[in-house]
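Here the structure is laid out as structure tokens; the discussion comes afterwards.
For reference, chains read A, B, C and D in written order, and residue numbers begin at 1 within each chain.
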Amino acid sequence: MTGNVRVALIGCGRIAQVAHLPALEKAEGVDLVAVSDPSADVARAVARRYGVPSAYTDQGEVFADPSVEAVIVAAPDRFHHAIAAAALAAGKHVLVEKPLASTLEEAEALADLVDRTGLVLQVGAMKRHDEGVQYARRFVVERVGEVRSFNAWYRIGDLRPGIEATLFPHVAADPAARQVEAGFKADRRRYLLATHGAHVFDTVRFLLGDVTSVIARHREDGKDQTWQVLLTTPSGAVGTVGIAVDVPGVPSEGIEVFGSTGTVRVDTHFPFYRRASTVHAYADGVTSVPELTDGDAYERQAEAFARSIREGGPPVPDVHDGVRAIRLIEATAAAVESGAEVEL
Amino acid sequence: MTGNVRVALIGCGRIAQVAHLPALEKAEGVDLVAVSDPSADVARAVARRYGVPSAYTDQGEVFADPSVEAVIVAAPDRFHHAIAAAALAAGKHVLVEKPLASTLEEAEALADLVDRTGLVLQVGAMKRHDEGVQYARRFVVERVGEVRSFNAWYRIGDLRPGIEATLFPHVAADPAARQVEAGFKADRRRYLLATHGAHVFDTVRFLLGDVTSVIARHREDGKDQTWQVLLTTPSGAVGTVGIAVDVPGVPSEGIEVFGSTGTVRVDTHFPFYRRASTVHAYADGVTSVPELTDGDAYERQAEAFARSIREGGPPVPDVHDGVRAIRLIEATAAAVESGAEVEL
Amino acid sequence: MTGNVRVALIGCGRIAQVAHLPALEKAEGVDLVAVSDPSADVARAVARRYGVPSAYTDQGEVFADPSVEAVIVAAPDRFHHAIAAAALAAGKHVLVEKPLASTLEEAEALADLVDRTGLVLQVGAMKRHDEGVQYARRFVVERVGEVRSFNAWYRIGDLRPGIEATLFPHVAADPAARQVEAGFKADRRRYLLATHGAHVFDTVRFLLGDVTSVIARHREDGKDQTWQVLLTTPSGAVGTVGIAVDVPGVPSEGIEVFGSTGTVRVDTHFPFYRRASTVHAYADGVTSVPELTDGDAYERQAEAFARSIREGGPPVPDVHDGVRAIRLIEATAAAVESGAEVEL
Amino acid sequence: MTGNVRVALIGCGRIAQVAHLPALEKAEGVDLVAVSDPSADVARAVARRYGVPSAYTDQGEVFADPSVEAVIVAAPDRFHHAIAAAALAAGKHVLVEKPLASTLEEAEALADLVDRTGLVLQVGAMKRHDEGVQYARRFVVERVGEVRSFNAWYRIGDLRPGIEATLFPHVAADPAARQVEAGFKADRRRYLLATHGAHVFDTVRFLLGDVTSVIARHREDGKDQTWQVLLTTPSGAVGTVGIAVDVPGVPSEGIEVFGSTGTVRVDTHFPFYRRASTVHAYADGVTSVPELTDGDAYERQAEAFARSIREGGPPVPDVHDGVRAIRLIEATAAAVESGAEVEL
């Protein structure tokens, strides 16, 4: 096929309205032809706002719609596997929000399906499409030399709600659905590790490759949670990952990598500032700071998805990356439980 | 009257779609009840997107609409005076984009009208509603002591188009209208000084009060323009204002103020990052950096406008501030022309 | 006694000439009355430069000198215990460079001696006298609330030799002695963990109190070394400490602490810039950055030592802090060896 | 001649002890063979500390000493001309502290003498030997394109005395001489413009070349002084220079340059931190920050002086640069006086 990829968005809740819809409206190579949400009001509201031809309340209609080539799954995590599996079965390419699935078994089942169908499945770890993170990756490969140690962090600051209130557009919502979802996030410890770990572990893997083992400690203070994780890679690099929700102040996310010939530090901004990560890349006596302007990682993610479909390259990240991110999340949880080092 | 102020937006071009409409959708105390644009397609597109009840192509319909209490004038600069005057004549409160008018005479005529009608006229120098600029102003009053010198700058970097392409939503436009407008911006020297000077001179006045005299030098390089201005205030503070369009790199805007007991530096971000200015405020051995989250100056401007209408305080900035900003722009142009100091 | 404390400096090598002698020349409350070094040339050179009345080659002469009230021990680490013990036995107060001693046994023996003699023994972990670190400590106590997590780091950058060449004064040296000392540093792994760990672990303890357990991973690359350590405190705070020698680029040292109501980050400069640590202290919506000017931690350390002697308060850090820093160093080495968590 | 240049230091006051003596002790290519100061105590103290063979109280002895090839003039400004002229007459090369002389006439007389004798005369505007300033200069030449505007500043913060107290070594002084000198600095307005202007105007000229005209405003508040200056260059670049003594807070000194293809910002640290200026150099989408370690500008200045003598290249800056810096200082004073633009 040629021309823009005809995409449907399944699940029109907050992340869809805040991230995907504004991105899809502008992304090159993509036409948003349908949206689907259990709430007819929400589906209609977003379709009207973004001029989308079809608004469904049953995702089965999406799969049956022959004009739809690909779906973006932005429904709650627990539905990722079922929707993605049904989409693949219906011959649609899939971009599924991270985490790929709720359990490792579900994630591996999706990997099997992808292998069998030959369709494109991309995981929505959109930081891999952050222009700054991509610059850092090239710098790691070309200038940093042998990676020896690293530190990554993902800290949600308690000022985030105010920032969200400013950056987020008005969101059409179904109050009943919101309440149901809140219930499913009630196991905060599991939910937060999965939702934030999916980002930070994927970024570690994107820059540094696989992880061999983890040791982890966790602390719970009412609704606040902290994980400190010690990781090793196959090449013997030793690193740390810190995840904290909430800490006082502004959110902070990033990674610093120390190699034999260079170092690089990535400071990733709250995504709805639409700024590429700020990168400080040091080698040979000079710190280079790229001034990057193409900062909507969701838009770049959608464009990359369309290119994978049309041009045939592997999606970034692919289903196996999605599986490995979940394996790291589960290994971290197990390491907290046992107190011991967990091999992957 | 009580309840939300019923507002109409006149002029639905780029600044309306990028700044005002997203802000009005979320601003407290405001209901957007009508939009007006010469292009029916544009008027309808924005009305549909933002769920606005009425879409007019003739601003006369706005003035005749009894449900409209106030108008926001986002039409091109050369129409500001006529639209604002007609709105006041029709008994509507007005928020008019900066600069208040195209000439000092027009601006002063509006000031007379405001005095006669007793209606609210607020000028859209929205930086006064930037939470960081407001923090800086309080700091100047309370901690900086006697102001002795200052430097302000407004530099458009050549990376701005890429940043705009990322931050701006899809904009509905009438290609014919765009071409007409480009023609009116053809006197770049006059246009750029007016459009950027309106911001930077208003910020100087907001923080420091009036200006007594200006000396200015200008340089033109193809489409690029630079002004360097030396200013004095009634209290004898000596300052500089630099305006440059374009410089290589990222945009940069700000002011630093040096007083007898403190100093403050304000770095103002490109407004569509929706971040409050970053402020470094020094006194008594400590630099304080407020971490501000309410960063949409257009939304805060609309809310302040509504409060002025409902609660009766003076608008910020008011029509006299708008007049004085134009006086500074014209004095700067005259100082460039003559080479001599121009008293205000 | 009253008046300035009469101090002798034992060991006039590099750290003495670079740090202690310039500090002692200016420190309030201190008179440097004697120096001692095995090299007569070195002892005489520094005595001449700093106008010191007595230059000895045998430290026994120092202990026998009744005009000496206190000694500063800047000899190589392996002599710390013997010299400090002899000084205490001779009734002299002691400021001993960190680490307190070469082994835990030696360190504990010094603690016993201090308890028996009632003399002042201060350990030269001079970061406790860094005005920025002290600000951070007060902030942790007063504003940060319950500490939940932290990260500390001590990374020697490969640009350090150039920085040292610039900052260090001309150093008088005995080439033979230098070669002997280099041999004693040949077990780099042990040496580097002790010499750098003594700082970073002491700073962790100064800000956060004791440590309950450590898990550690280590990596060796030729002369380069990396440790990543996971720590817990009695209150359940979970933290990391990273030590790396060398990494490409500039040196970096600091700690960040996350509590229930505030956070603080300390960036400690290479000490011979004589700058207090830069502190970013966040609570209640504002980041405070103290602008500190009294930045010679060695001078402040000497002045604090003199005050302890004259005014009677406990030295900072005291011998027990010195013991615990060594215990943490040894626990880290053991944790690397065993791979398991080591309780303290 | 070959081997190290044999140098004498004339004037052993504060700047000599704080800046020149530590630099000369380490500088390559230089041997300090004599010092001279009207106070015999001071001359002897510094000779002892730095191991200098001869300590004179009469500078005539320096000129008569055949072992002296070159002199560094660190006496008070009003003696610069007489000492430098006598040194040249005696066949000695000269490095004279900035400003070159007290008046333009004196400065021009020195230029004549240099032309007649063919000896090396270097002016002590040591910022030209700051590794960061040199990097910036190369960047201006190679990457910034046509320079269009610039801003330079030199602000002494009121925290400077505390910083000096920390960074300065113990200074041997003659109290009577100090009091005499204070008297000569009593015309603060003239003194401050000369002493600080000599730096900032020379840096402007080093990076950007000559200045065509200045307009200046001045403000006096008790002991505090502020100048704001508007400058143009032959190529039409328009710039500002701000000088302020004191402002609240930390000292700040630097320059930013905006060209057609790049920009560069230089932040110059208080010199006794011995750090090269921090440079942010932007072109082609990347900001480069060189990590520079050779940061003692006084030491680099002395080494450059020695190379000019031995290898024959022009001194940096030379006597004509020194003349032009004074011309800019006098033009600025005249522009303040008259209120009008002063051509150079």
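Here are a few things to note about the model shown:
The rule is simple: a residue touches a chain if its C-beta (ideal position, glycine included) is under 8 Å from a C-beta of that chain, and two chains touch if they have at least 3 such contacts.
Please read these numbers as outputs of a predicted model, since none were measured by experiment.
Among the remaining chains, those touching chain C and also chain D are A, B.
Relative orientation of chain A and chain C, expressed as the C-alpha superposition rotation angle, is 180° to the nearest 5. Of all chains, the one whose Cα centroid sits at the greatest distance from that of chain B is C.
If each chain is reduced to the centroid of its CA atoms, chain B and chain D end up 44 Å from each other.
We define each chain's centre as the mean of its Cα atoms; on that basis chain B and chain C are separated by 55 Å. Within chain A, residues 159, 249, 282, 285, 287, 291 each touch two or more of the remaining chains. Note for the complex: chain B touches chain D at residues 146, 148-149, 151, 153, 155, 159, 215, 217-219, 221, 224, 226-228, 230, 232, 236-240, 242, 244, 247-249, 258-263, 282-283, 285, 287, 339, 341. Contact residues of chain C toward chain D in the complex are 22, 25-26, 48-49, 51, 159, 162-163, 165-167, 169-170, 249-250, 273-275, 291, 293-296, 299.
Listed in rising order, the residues of chain C touching chain B in the complex are 280, 282, 285-292.
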